[in-house]
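Each structure below appears as structure tokens.
Next, two complexes with subunit A in common: one pairs it with subunit B, the other with subunit C.
Showing the complex of A and B:
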């Protein structure tokens, strides 16, 4: 019927097979290809996979100052696809020397033996980062698998103008948020205070972290998996009840419909991360100047907790013969004041380095109305808590999407979907042979 | 020319085909079979060097794929979807081909191109296009009709609609071309015998079209079994399509989302086997009729 579909299917099969075909080659395939430059007097050439915008401009500054270590940026699509691509390349024996690794994907890179331990090289810069962020690149072990680049502490983004119009106060607790959701529906049945997205496990993870969830942890030689812990179930049931009551929408984020709602004022809040201004400015350009930011509502009045949605580190491929050069670049990129300045200005990231977070000046253009944007972010960041990610986050996140899709479709309890995530995660780890603490 | 020389020539001409076949078909298939018999085994935390190794597991992966409820649920969905697409798309294609071939139709050239054109739109673009028409708050259709196109049951029809829209033109063209190749004097003879246009279509044209109809049916069976583009593209827009909606989506999920190439390879083999059985089974059933063999 449609040759292109056959072709696409064939291409998938070919990619799988060809990519993995090469894994049979000797492990030092990359090394062999590059040893001439290493042995010779020419500059070391490094490839860096990243999806941060304008990274080539930042790398150009490094290249100019370091003629002996030349870095080439290879722009990636980002997200889960980029992680899958890196794992495939590593298995095929030709990974890039440097890779942007999201915190939740780093453990699967480590488990696949695709990234190097940088403990010795990174010892001097450990103090530049908070313990929470550093834990994300060590998984609480003695090794260091990457250098934190950016972080995504979560905040509440809201339509200031419409909050005034409907007479709503910025909610300080989740109870107040639920009340506000009901008020909005009463005042205008076309408008929702917020929406629960079954497509964005990262957002849910951040909200669970805020509530104090610990999905994975390492004790001795075994993993502890507790995705359906009490805080996570509390978060799930909270949103589940609001969706069931009809006061919170169930439209996924990042869809054309969602963009429309952000623009036309039928969606009033978005619990998101510090990088939200970039998304809002491209997806809701018409609403510029109308959005404002506040800390996430709290579970108990007076607390100041948050979680992380996104954020990434720079990791070095396990098989590269140029580890020292690669770490030197990664360290510069994520700790040098000039480099961080460029990262903030050109790549619009929220830096992981503690000092850099407090020295951010002008608010993002989209939030020109909120002069204290970065001060708020730094305050929120100080109270944000994360957890160690496990080696099969892909499975957990996939179970999130399928489970919550089903919960929204069939009206089943959200805590059941959370239990599904736990079961899928444990079953996958058992199947692979991971040691699990009961 | 002596005998040995003559013996070598055919192989020389065959070499490009053999090399391409080996590189791009035999080797990947062989490697898929190999992968399907293997699995990674992790020890302890699975972190650091040497914590993960590949082991031989024989038919375990294939057995697991066969016992997987998700996969069979996917087959069931695809069976429903496929039947719908097959009947509607081929029915429409046949109808259009006959209409275009009849002597009375006007604007034949324009209609032919108009019907064929959607086939030229790539599947992802077509699905996105339709996706926008299905989304509640964006769809102009929803302004008139109050139907949830992405509901739990309607989503299958919505996807079938995309496939029919995209595939009818191609099948219509195959059937139409076959019709044009039929000698016109057959129709004249029928007309002299007093047959109406409808009778000519049903009694003369359709029987002569049977081989072409079978061909398009086999192609369509294979394509619907491999349905992937439509559900994958629509999935971010709705919560009614799971990550294992169709068997091929499960392969993609295993390989690229959950990082289990071995299960993906095993499931691919199961899908290939079922495709073979279905398409050859269909051919066997209709062969006697169509090609006068047996």
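Showing the complex of A and C:
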């Protein structure tokens, strides 16, 4: 909690200051971190900012095989602060050559001219990724701003043992999910089927994507913002009604009471992403082997859609004189079978490359009871759809937290909070000077 | 009547003590919480009662020390360098400047002093990003100096030193020294500074704690995780990405261990502090 608040404050401080000195700072590109370049004299040295665990071990393999391109890993704190820090460094003229960029932050990097267009270099590997993922690094334009590394298709995690106990079928549609929520409350008033978190815009974004939302799009030079579109309002109203009815809890994810509920069986499901086993195994170690996974419930029976929560790409700094070397490394890291094998094993990521997704073998330890875990994930991943993120996702996400906090507190309709997100996003983009198409 | 006054006064006499106890509880409870939480194994952390001790303290410590080949020690060393070095340099600069401002009259003295007072009002957080941009320009960003240098000039420390020097060093003593033929440098090192030691200890402690806890400045300045202090380093454990289990038990243990040097420092320095203050009182 404290860290979140600290992080939020940090992000605000950084962005405010950045915005205020955006025009005053000539970026000369001769940063201290970059070694002077002379063709052929010694190896190219690259710095790589990432927060994936054990990345130094993976990079060591590359360094061994490529004495002329030496990569140094600088392990950073992840999340919104990492994006703000990279933007600050880019503005000051000494960014790292390579940076781990979450899909939702990539547009802000592009808007600040901080990352390079890799279209020519990445053309051969485009086919390694699904169209949905590739769209996240192109924003639907002709340019390519990063190479997808990991992805977070959403699935439904549920307590298999307690589903049996309460006699609930795994819901195939959101209607069935709502019915199941009511059944659970009737059978045991201490237990909830699920909870709606007003602190996790990423989860809500994924659910909106599943419903077919398109929050941003680019046409020519101008942006179209449609956060309060019909699918998003549908998702918001669905959860709003369930919370109001009292059959879905409203405690946020990643809090001590949520952890406790995961452990003691008073919370039965978590619509989350493929990385959930990591969270569950650390926050609910006692419930190991009791959770199972299924595709997300659908809006219409028979469909197989999902959304993304999380995931990141490797981007190359716009200012680097070593672009070719940096792209070579980023391509290796995210498409070479050996590298991906290491990413999966050492960094525990869910790879973005399609082939790698289908070749994952043994289920995560926490899900030892579900041998087909990765097969399920690959199937869900194929039907997952994302959307183009805008250049000010941070603002939209903050508006989500403010709006839904208030909606939960005052019992106002969730669709009103969605409208608040739309208004805040548009106002901020206008203020920052983006062209908006009406 | 007498009984009446006694009865009225007694409860009021308890109030300050009660308030202080509340204050102590308010300050010490989080420390106790960290201590208790640091003893819990990952399995116990979210399942056992908040105030019940766990059984995993030594496992946590061993795991923390083994994390990324003992990077914790590197971060601890960095913190010690930043806090110890920064506080020493800052104390030296503050003492000399404060002494000069208190005991010499020169043109611009009041201007400098007023600027310093103004500097106290500017929170250092606001300066972190401009400082980062400046350090980037001169090529010092992402170096140890980037964290050390901005902490050395500390307006509040200079202010304290000046106030302390004014009160603690009688002008007549300096005059006596001058008549005896001591140079100004000798006067400062042999007469003035020894008398300012309690004040300097205060400044040192202030700065040491401030730098030890500083987060934003090193967070912005440093890109290389080998130069991180504990605060920023532990933060990388907390925000390790969504696909990672957050290493809560290591963070809590790390936070607890990083408190110990501060507690030790305060307990030892406090003695030093008290003797000097009381010896002054007797004279």
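The criterion applied here is as follows: the second predicted complex is superposed on the first by the 401 of 438 C-alpha atoms of A that agree within 3 Å, B and C clash if a C-alpha of one lies under 4 Å from a C-alpha of the other, contacts with A are read in each partner's own complex, and residues count from 1 in each chain.
We take it that a contact is a pair of C-beta atoms (placed from the backbone, for glycine too) under 8 Å apart; a residue touches a chain by one contact, two chains touch by 3 or more.
None of these values were measured; they are calculated from a predicted model.
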item	value
Partner chain in contact with A:369 - subunit B first, subunit C second, else both or neither	neither
Touching partner for A:256 - first (subunit B), second (subunit C), both, neither	both
Partner chain in contact with A:428 - subunit B first, subunit C second, else both or neither	first
Partner chain(s) touched by A:74 [first = subunit B, second = subunit C, both, neither]	second
Touching partner for A:82 - first (subunit B), second (subunit C), both, neither	second
First (subunit B), second (subunit C), both or neither touched by A:199	first
Partner chain(s) touched by A:221 [first = subunit B, second = subunit C, both, neither]	first
Doubly contacted subunit A residues - partners subunit C and subunit B	6, 13-14, 17-18, 21, 81, 256, 260
Contact footprint of subunit A on subunit B as seen in their complex	24, 27-28, 31-32, 35, 40-52, 89, 119, 122-123, 132, 135-138, 152, 163, 166-167, 170-171, 216, 219-220, 222-224, 226-229, 236-237, 239-244, 248, 251-253, 255-261, 264-265, 268
Residues of subunit A defined as touching subunit B within the complex	1-2, 4-6, 8-9, 12-14, 16-18, 20-21, 80-81, 84, 87, 107-108, 110-113, 117, 139, 141, 143, 198-199, 218, 221-223, 250, 252, 254-257, 260-261, 391-392, 394-395, 397-398, 401-402, 404-406, 408-410, 428, 432-435
Residue numbers on subunit A that touch subunit C, as the complex places them	3, 6-7, 10, 13-14, 17-18, 21, 25, 31-33, 47, 49, 51-53, 56, 72, 74-79, 81-82, 85, 88-89, 91-94, 96, 150, 152, 202, 256, 259-260, 263-264, 273, 275, 278-279, 281-286, 309-310, 312, 348-350
Contact footprint of subunit A on subunit C as seen in their complex	42-43, 46-47, 68, 125, 128-130, 132-133, 136-137, 139-143, 215-216, 219-220, 223-225, 232, 235-236, 238-248
